[in-house]
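The next part holds the structures, each set out as structure tokens.
Shared between the two complexes below is subunit A, which has subunit B as its partner in the first and subunit C in the second.
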Partner chain A sequence: MGMQLLVNSLYSFLMLALVAASFFLVFKPSKYFHISHAAVIVLSAYTFLFCRTAGLGPLFAGVAALAAATALGSLSELVLYRRLSVSRDAGIKVLVLSLGVYLVVQNILSIGFGDQIQLVDPCNGCLRRVLVGSSFVVSSAQLGNVVIAGTTLAGLLVVWYRTSFGRAARSVSENRELAGIIGVNTNRIILLSVALGSCVAGIAGLLIGFEVGITPTAGFSYLLFAIIAMVIGGNESLLGTIAGALLLGALQSGTAFFIDSKWASTISYVVLIAFLLIRPEGVKSLNLALERR
Partner chain B sequence: MSLLEIRKLEAGYGSRQVLFDAVAEVERGQIALIVGPNGSGKSTLLKAIYRQCDFKSANEFSFDALSIAKTPLQRLMRAGLAYVPQHKNVFNRLTGRENLQLALVMRGKPDVPSGLTEQIPEIGRILGRTAGQLSGGQRQLLALTMGLIVRPKLLLLDEPLAGLDERGSSTVAATIRLHQEEYGIAFLIVEHRYKRLIALADRCYGMKLGRTITRLDRAQLQDAHRVDSAMREVFVL
Partner chain C sequence: MDYFLHIAIVASLYAMLAMSLNFFSGNTGLLSLTHAGFYGLGAYGWALAAANGLSFALAPIIALAAVSLSALVVSLVAFRTRDDYFVIITLSVQMLIFDILNNFSVITNGPLGIRAIPQVPLISSAGGMAIFAVSSALVIYVALWRLNRSSWGANLRGIRDDELMMIALGKPVPRIKTITFLIGAAIAGYVGMLFAQYVTFIDPTSFTISESIVVLAMIVVGGLGSVHGALLAAVALVMLPEALRFFGIPGVAEGNARQMLYGAALVVIMLLRSGANTRVSSL
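What follows is the complex of A and B.
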């Protein structure tokens, strides 16, 4: 029983961490609440589905899916949000505009693909195999997702904390004005970070589609979980956000295991409210300790 | 031609004009000081030079023969202009080394030079620590080093001694002098505690209500009575 809970928690954590990290990359440097990130998540899965239905190979479909997600996020930033960013009350304007982009994409997907759950199958049922261990059960989709999500997260951490782009993006996230003063091209860094975050969201959308299937509105609940993970993690660092996803993943798996999976979302939102009211700075000590590494 | 030439500069923030008749001139490798009471427009003058506020007009406003009003900031930076603001002048979530690397990479320069800790010994204790963990003095020194390490022709410093004790102030003053002599860096420094830096200065401007009202050259700065009377004019209402 304990082993199964551990496996479930690891899986939930990695999927939540992937979505939360993707949203963090988009939100922190730009400081805008991109609701349309929920559309980016599902667009990749539907693009994959479309390409496969059209008879294209899984590799091509995967590349097209990630390209579509990256393009939607980047073009929204470049063509829409950036124009508003210099205007008065830019935050609320971008929020409303982003909601509009989300609804447009979601409606197009609903009209094109319907509202029912659609499983994204890259290899004719190969992901539906069930592997039974001595004390746990896991599907091949979950196993594949763990490997892909883990590798993507590790790569993201390296990019964020060990490259000059990551340094520049962290500087823009903390103090955009000072970053400009020392010569960082802040608009370019924001665009690159949004593109990277959207690409990672595309990967997350594909993995969700592989395992539980996708609907045009599915991205929104994942986005809300990502925000809860960011709040728990202190809303300051990528490591803190991933740590927040770890706690939320364990909480959701524990709830599903010991109570009922129907309660997992409700308890997650209760935790969000509790953190915002009692500890709005999140688990700061954990966050800082991780950053000091 | 001087490295920096400003005559009758008017600038501000949107419709709020702060500078009405600002004047400054800095020669290559020299140190110029700007003093004045709160609200006199000292910091705004530095921001105007670094294109951080709105230019209105000027009879002359140039850095290294480039018109500041017509030249993009990136181009001015490449020409050798750098600026260290008074507040929030380091990235608290980055280590000291990362702060310096960021300043260097953005100017197309290689990694932190190995001889840095010999020139500024105190920086050695800062490099590996997150800037948010540092004391105010250490943060100030890190910010100054970020400006110096790119070897600009002119470094604009806004209140570099703010919040520093006597020892910290001496370190900052010695570091400024070292880099002026060794690398020929010119400085335009806004400082409340002008007495600490006046010995370094080749020139000093006094500002009041957005106007430059007095100018003292090196010979005049040696004369304590002359300095006192000029400062009374600047600071007394």
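What follows is the complex of A and C.
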């Protein structure tokens, strides 16, 4: 029983970390609450579905899905958000603008595909097998997702902490003006980071579709989970955000295990509200405070 | 004829929602996304109170008290934050309210919703409801317009432009903000009651985050802070999809097409007002 809880927590941690990291890449350098990230997540799954029903192969469908997600994210930045970046309260304006983008995309998907839950199936039911371990049960979809999500996360960490793009993006996140002064092309770095984040969101959307299925509005709760993980993790670093996802994953699996899975998201929203109120700086400074004592 | 009554009712309901959100968010510049939540709480409060045999005099009081109380709690929480974080926190409250309506099946009957909501005799017909909804909207319009012109409205705009200065002037800023927020939420709750009366069947999907965004779109299109703008934008944005219907847009996707249109309106307006010196308060 405890083993199952551990496995569930690990799984939801990896999925949440993936979504949270994707939002972190979009949010951190640009500082925009890009709400239509929720639409980016689901767009990829629906693009995959669309390509499959059109008779295209799973590999092509996957590439098309990620391309669609990347395009939606980077075009929003390039065509819409960038125009507002000069104005005084760009943050809130971009937020309102992205709400509009979200409504448009979500409703196009609703009209095109309907509001019911749809499973994304790359291989005629191969994901629906149930694997029974000695003291726990996982589905083949979950197993595949763990591999993909883990690899993607590891790749992201390398890109963010070990490449020149990552260094530039971190410097823009820290201080955009200063980064510009020392010769970083801030607009380009933001666009690249948004594109990368959107692509990762596309991967996350596919994985969600593989396991629990997708609805046009499903992206919204994942977006909020990402924000929650970021806030818990101290709103500062990619590693912190992933740590936040670890806590949130454990909390959600615990809620699902001991109470009921339908309350898992509710508890998460309560946690976000509590953190924004009591500890907007996240758990990181909590540790520091303990150390100081 | 029933079709036109229906449009009149829907337009009045949205107009009241937009005007009440505008009263708080438009004047203070704090954009709340919890409005559909309060609207839903009003609808559920009324439906549950009336379905459980409370009299038609008592049920509205219970419903409005429930909405105001939740709004009070939300304001205590949300007013600690500003700007985009205020939006995010009201957004999570909206998701929370939806979750409670959707999951707390013992009380709310979950996704199945509440059927057979008792009908108040005079407004059970479409005609009666239309007259009642339109006159409610007119009363609220005049009331909010007067309030906006009064010193209360001036205080709100003062808070928007320079909260610190208002505090320095000795204005009870937290109290002004809370009361305004409560008035807005209570009106939304009232609209929810009318909605529950009109459709006689409610389920949580009428009170989603998308609905909150739609109302926000209305006040952004109408110009934040403008009562006339909120009224006109709400009526226009309800009428526009109806006009499109005559050009053969299928009715099945009507709700989606409408939300899409509102989203597009939001995008266009934000781009038109993207100048470097326009502040969100003067959208």
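Of note:
Following the convention adopted for this analysis, the second predicted complex is superposed on the first by the 284 of 293 C-alpha atoms of A that agree within 3 Å, B and C clash if a C-alpha of one lies under 4 Å from a C-alpha of the other, contacts with A are read in each partner's own complex, and residues count from 1 in each chain.
Assume a residue touches a chain if its C-beta (ideal position, glycine included) is under 8 Å from a C-beta of that chain, and two chains touch if they have at least 3 such contacts.
Predicted model, so just to flag it, every value in this text is computed and none were measured.
Once chain A of one complex is fitted onto chain A of the other, the partner contacts of A:Y46 are absent, as it touches neither subunit B nor subunit C. Touch criterion met: A:S237 reaches subunit B, while subunit C stays clear of it.
After overlaying the two complexes on the shared chain, residue contacts for A:I182 are found with subunit B alone; subunit C is out of touch.
When the two structures are aligned on the shared chain, A:L80 is found in touch with subunit C, with no touch to subunit B.
Of the two partner chains, subunit C is the only one touched by A:L272; subunit B is not.
In the overlay built on the shared chain, the residue A:S171 is in contact with subunit B alone; subunit C does not reach it.
When the two structures are aligned on the shared chain, A:V96 is found in touch with subunit C, with no touch to subunit B.
More residues of subunit A are in touch with C than with the other of subunit B and subunit C. On subunit A, the patch touched by subunit B and the patch touched by subunit C do not overlap at any residue. Of all residues in subunit A, only 33, 80, 83-84, 86-89, 91-93, 95-97, 99-104, 106-108, 110-111, 217, 220-221, 224, 227, 260, 262-263, 265-266, 269-270, 272-273, 276-277, 280 touch subunit C in the complex they form. Remark: subunit B residues 50, 52, 73-74, 77, 83, 85, 88-94, 98, 101-103, 105-107, 130, 133, 146 touch subunit A in the complex. For subunit A in complex with subunit B, the touching residues are 164, 167-168, 170-171, 174-175, 177-185, 236-237, 291-292. Residues 31, 77, 80-81, 83-85, 87-89, 91-93, 95-96, 99-100, 102-103, 208-210, 213-214, 216-217, 220, 253, 256-257, 259-260, 262-267, 270-271, 274-280, 283 of subunit C are the ones touching subunit A in the complex.
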